[in-house]
Amino acid sequence: MIALLIRDLRLAVRAGGGFGLGLAFFLIVVVLVPFAVGPQTQLLAAISPGVLWIGALLACLLSLDRIFALDWEDGSLDLLATAPLPMEGVVSVKALAHWLTTGLPLVLVAPLLGVLLNLPVQGYGWLVVSLAIGTPALSVIGTFGAALTVGLKRGGLLMSLLVLPLYVPTLIFGAEVARRGADGLAVKTALLMEAGISFGVIALLPFASAAVLRINIR
Amino acid sequence: MIALLIRDLRLAVRAGGGFGLGLAFFLIVVVLVPFAVGPQTQLLAAISPGVLWIGALLACLLSLDRIFALDWEDGSLDLLATAPLPMEGVVSVKALAHWLTTGLPLVLVAPLLGVLLNLPVQGYGWLVVSLAIGTPALSVIGTFGAALTVGLKRGGLLMSLLVLPLYVPTLIFGAEVARRGADGLAVKTALLMEAGISFGVIALLPFASAAVLRINIR
Amino acid sequence: MMPELGKYAGTVLSAYGASIVLLVVLVAASWRRARKVKAALAKVENPDG
Amino acid sequence: MLTVTDLCVARGGLAILEGVSFELAAGRALVLRGPNGAGKTTLLRTVAGLQPAEAGEISGGGEAIAYAGHSDGLKAMLSVRENLAFWASVFDAGGVDDALKAFDLVTLQDRMAGTLSAGQKRRLGLARLMVTGRPIWVLDEPTVSLDAASVALFADAVRGHLAQGGSALMATHIDLGIPEAEVFDVGPFKAKPRAAAMDEAFL
Amino acid sequence: MLTVTDLCVARGGLAILEGVSFELAAGRALVLRGPNGAGKTTLLRTVAGLQPAEAGEISGGGEAIAYAGHSDGLKAMLSVRENLAFWASVFDAGGVDDALKAFDLVTLQDRMAGTLSAGQKRRLGLARLMVTGRPIWVLDEPTVSLDAASVALFADAVRGHLAQGGSALMATHIDLGIPEAEVFDVGPFKAKPRAAAMDEAFL
Amino acid sequence: MSIWEYANPVKFIRTTDKVLPWIAGLAAVALVIGLGWGFFFTPDDYRQGSTVKIIYIHVPSAFLAINAWLMMLVASLIWIVRRHHVSALAARAAAPVGAVMTLIALITGAIWGQPMWGTWWEWDPRLTSFLILFLFYLGYMALWEAIENDDTAADLTSILCLVGSVFALLSRYAVNFWNQGLHQGSSVMRAGAATGDTTERVSNVFAVPLFISIAGFALLFIALVFLRTQTEIRARRMRALLARERQA
């Protein structure tokens, strides 16, 4: 199991910078928004928590299809399925590796990008907290979507379609925490909801992902 | 050449709905924005042209890596390279097929999504015009990025990183047209600039893409 | 010795600090890699000496 | 010991082979033969548990099986040794060095797997079997792309495995260099035209 | 006629073969042999113009060559016939029906290429050669995964091609069923240890 | 003797080995004098207070950020036209230096903006186009990293550099059109030329140390590029030797 984690991390680092690129995408989405909506500081400040959340979500989303696709194409997935690892363990490790290479860097760099979008000062803390709680859920949900679409050609876009609605609850509460934090309002309820969803998802969804993956392989 | 176009279109339709999914992604990005930035009508109306443009751009971007990746993996690209087609023609046809399956549907559906984001009435016409002029450039630039990264594992994200800064001028002028249109301001200069960039890109960039592709295949 | 920076002391010092740190990191990284590669190459060129 | 009784396998919603029965004892090798499209791959995948059987029984398989299919499951960006070591630790078995030696990969061990030639990749894919520590090898066209010397290496590896009480089930079109293996022709077991079980309710 | 003179080919920044010279006249077939990793694939790709030669001359190739490598370039979501028809129109040649017949694919013609077995895919990949209308076939292990009957079909197709004045250059480890072909062993042409041209400036 | 002789890797290393210590030393001296003078011995500006001192870092780094890209463009063209390996490697070597310069300009600008404009970041055209330039640097470096074959990487990155330059220019105009900014126009270049007293110009008190520190940054850039190019050449040579050894 640890061997799998190490392998995935190593592949992410070797194969052209798995870390760096998720980040770069996040950066670029955030940078493009002002070009699209215009340079007014006021407006940007108002939408900045939302934009940062959407950016993080899309950056996560983009790297999802690689979770299983590469292992599927070269036949490793068949071999893993016959290996003495529980499938639940495999999907959890895959989700963890995805979070470590994508979600965690996003959490760390989000405050920097907050500067670009004139995020109000009191918002930084809650932004980071909400992302730190929310991104693991994004990775786990994404793993489920990836397991659903593995082996389908053009799976990437189909997966986006399946995964994005599943992201909605996490996004709503996560962005709400960040937004209220930035406006200086109370965040407790939203934060509890977000944390509840995250824990529930992390605890239960891997079983569904494992089931789906077993079906897809046969 | 036409055979290639027909094949690509057919593959897009067969392989799990090339049309449908680009659209679906656009739809979902646009739908997620209100969740992220909050439901204030005023705010949404102000950012709606920009959000629609960003949504279209990301929907384009997501399907780019498929332009050459599939042909590369199954060996078709090698065979195409030895076929009696000029490489410039191949990349242009690929870009055209991408636009027909992704850009064009986006242009047609954008007004519908404008409704969701409270786009002001006078904005619809210019939104469509700006997208119609801009999206072909997005496809052509994207083809260049795809040609640069074909054959690299994890090329998808690297490609985003390379392509997004190249999208900046098109995005700025395109969104400017849509924004000014929505605000009822004069759009002439921005429109001319956008059209100029599009034509320049379409006329010249395929040569660079072809050169890059030839280098990548050898 | 320290010049009077007034109310902007933090600003100026952090600008200088950040830039100098970045420059030092860049120079150090370049230099270290130069030395490492030079040594590795020397080893490859004559393995015994 | 692997026992297959009255097995029916399907692919793409169609029964392909039916009534297949054979036994594979420890220390024995069985070679599947049959023309292209006969259903060898489908049969092997079913035996390996990668797809469900339509009907019939497979006993003694499951966790005892190490499967190697048409593709090798190599990571282009990991070195030859890293690829093997990964599978060794997944299967909680050792023997990476022995496997490298058995398939003449020692000199290539630090090369990225993506830069190997077709035959070298195949050798690496086969070497993986030796680090699984599993008794039953299920192999689909193992010697594709191998030169004569490598086929001999493969035959030696199989013989060694059999000598240790393992067994091997292999599909192939060409000679594997293992004359002592029994041959099982799948041709006679072609299924009568009928739908797969999942469609039966609709007929 | 294809003439290769004193060719040096490289892969991964290393010269692999050097001093390779041969001629391939119309109506003749040449079979490349050599152990795994000898450089056959590299040589064929160079001859086909897919990678630049390090040194030496290739004349008569270029637009006259139809190449078929380790992978078949099939689209899983197109039917067998559509796959062939596409290549026929890219090469501006006809003969789809003949090609289907020659490789016994007529009954499979409406099947999606993705659902074929390994050998059936290979047959389709080879059938593609017949719709290119090109005189020189350059084939890398063409009979991998083929059963005996399909190898015979392939041999017939090559003979027919040669009879029409075409020629074929093929790498293989197994018997192709074309005894009249000359054999060219690449073993003796292994390059002396030296760097590829692009690195020479650094040595 | 033609300048192209230095395109031979060995010759390049030999020559630069000789001049490198001098350039590095000069760079250090110029930096210490320029920054030291600027930091300790210049008066505050009547409007900007002590924050003017940031100019001694901000302007040189901004200047080099642009010129490093220009140098890469020229080197890429040389590679495309004449295929001299050293020029491709020099472009590769310059990219991280240029990226750091861009980052320094951005960071010092952001820090400066806080007291002057009341915000860390403003979507002013100058700043925005620097941000885009930074993205180009990142993409360029990532592409180099991602490709294994050295010649392929050189070819592809030099084409990216060409195309990117055109788009960087386009972006500059686009951004200008999009937002007329707060950032002041260029006045440094005119400052030394004539002695005047308009507030438009940076007065000489500031100009002299500024020019010294620009020179320091430029020398530092040259020294770093020489050093890093040497490293790239050696790494390439090592790879070639190892490959040959493995083959034997």
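Note that the chains are named A, B, C, D, E and F in the order they appear, and that numbering of residues resets to 1 at the start of each chain.
Here is the rule we go by: a residue touches a chain if its C-beta (ideal position, glycine included) is under 8 Å from a C-beta of that chain, and two chains touch if they have at least 3 such contacts.
Which protein is which chain? UniProt says A, B = Heme exporter protein B; C = Heme exporter protein D; D, E = Cytochrome c biogenesis ATP-binding export protein CcmA; F = Heme exporter protein C.
Everything numeric in this text was worked out from a predicted model, so none of it was measured.
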(message) Give me the step distance from chain C to chain F, shortest route via touching chains only.
(response) 1
(request) Report same or different for the chain A and chain B interface, where same means the shared residue numbers exceed half of all residue numbers found there. (result) same
(request) Report back the single chain whose CA centre is most distant from the CA centre of chain A. (result) E
(request) Would you mind checking which pair of chains has the most C-beta pairs in contact? (result) A-B
(request) For chain C and chain D, let me know how many angstrom lie between their CA-based centres, rounded off. (result) 55
(message) Between chain B and chain E, what distance separates the C-alpha centroids? Give it in angstrom.
(response) 37
(request) Could you grab the centroid distance between chain E and chain F? Build each centroid from C-alpha atoms only and quote it in angstrom. (result) 49
(message) Report the inter-centroid distance (CA atoms only) between chain A and chain B in whole Å.
(response) 24
(message) Two-or-more-chain contact residues of chain B, please, as numbers and ranges.
(response) 15, 152-155, 158, 161, 164-165, 168, 172, 218
(request) Spell out, as numbers or ranges, the residues of chain C touching 2 or more other chains. (result) none
(message) Residues of chain D that contact two or more other chains, please.
(response) 70, 76-77
(message) Going by the contact rule set out above, which residues of chain B touch chain E in the complex?
(response) 2-4, 7, 10-11, 14-15, 71, 74-76, 78-85, 217-218
(message) Which residues of chain A touch chain F once you look at their complex with the stated criterion?
(response) 16-17, 20-21, 24, 27-28, 31, 34-35, 38-39, 41, 44, 115-118
(message) Per the contact definition, I'd like the list of chain F residues that touch chain B in the complex.
(response) 132, 135-136, 138-139, 142-143, 146-147, 152, 155-156, 159-160, 162-164, 167-168, 170-171, 173-175, 177-178
(message) Considering only the defined contacts, which chain D positions touch chain A in the complex?
(response) 48-52, 63, 65-78, 82, 85-87, 89-92, 128, 132
(request) Spell out the residues on chain F that touch chain E in their complex, using ranges where they run on. (result) 8-9, 85, 149-151, 233, 236-237, 239-241, 243-248
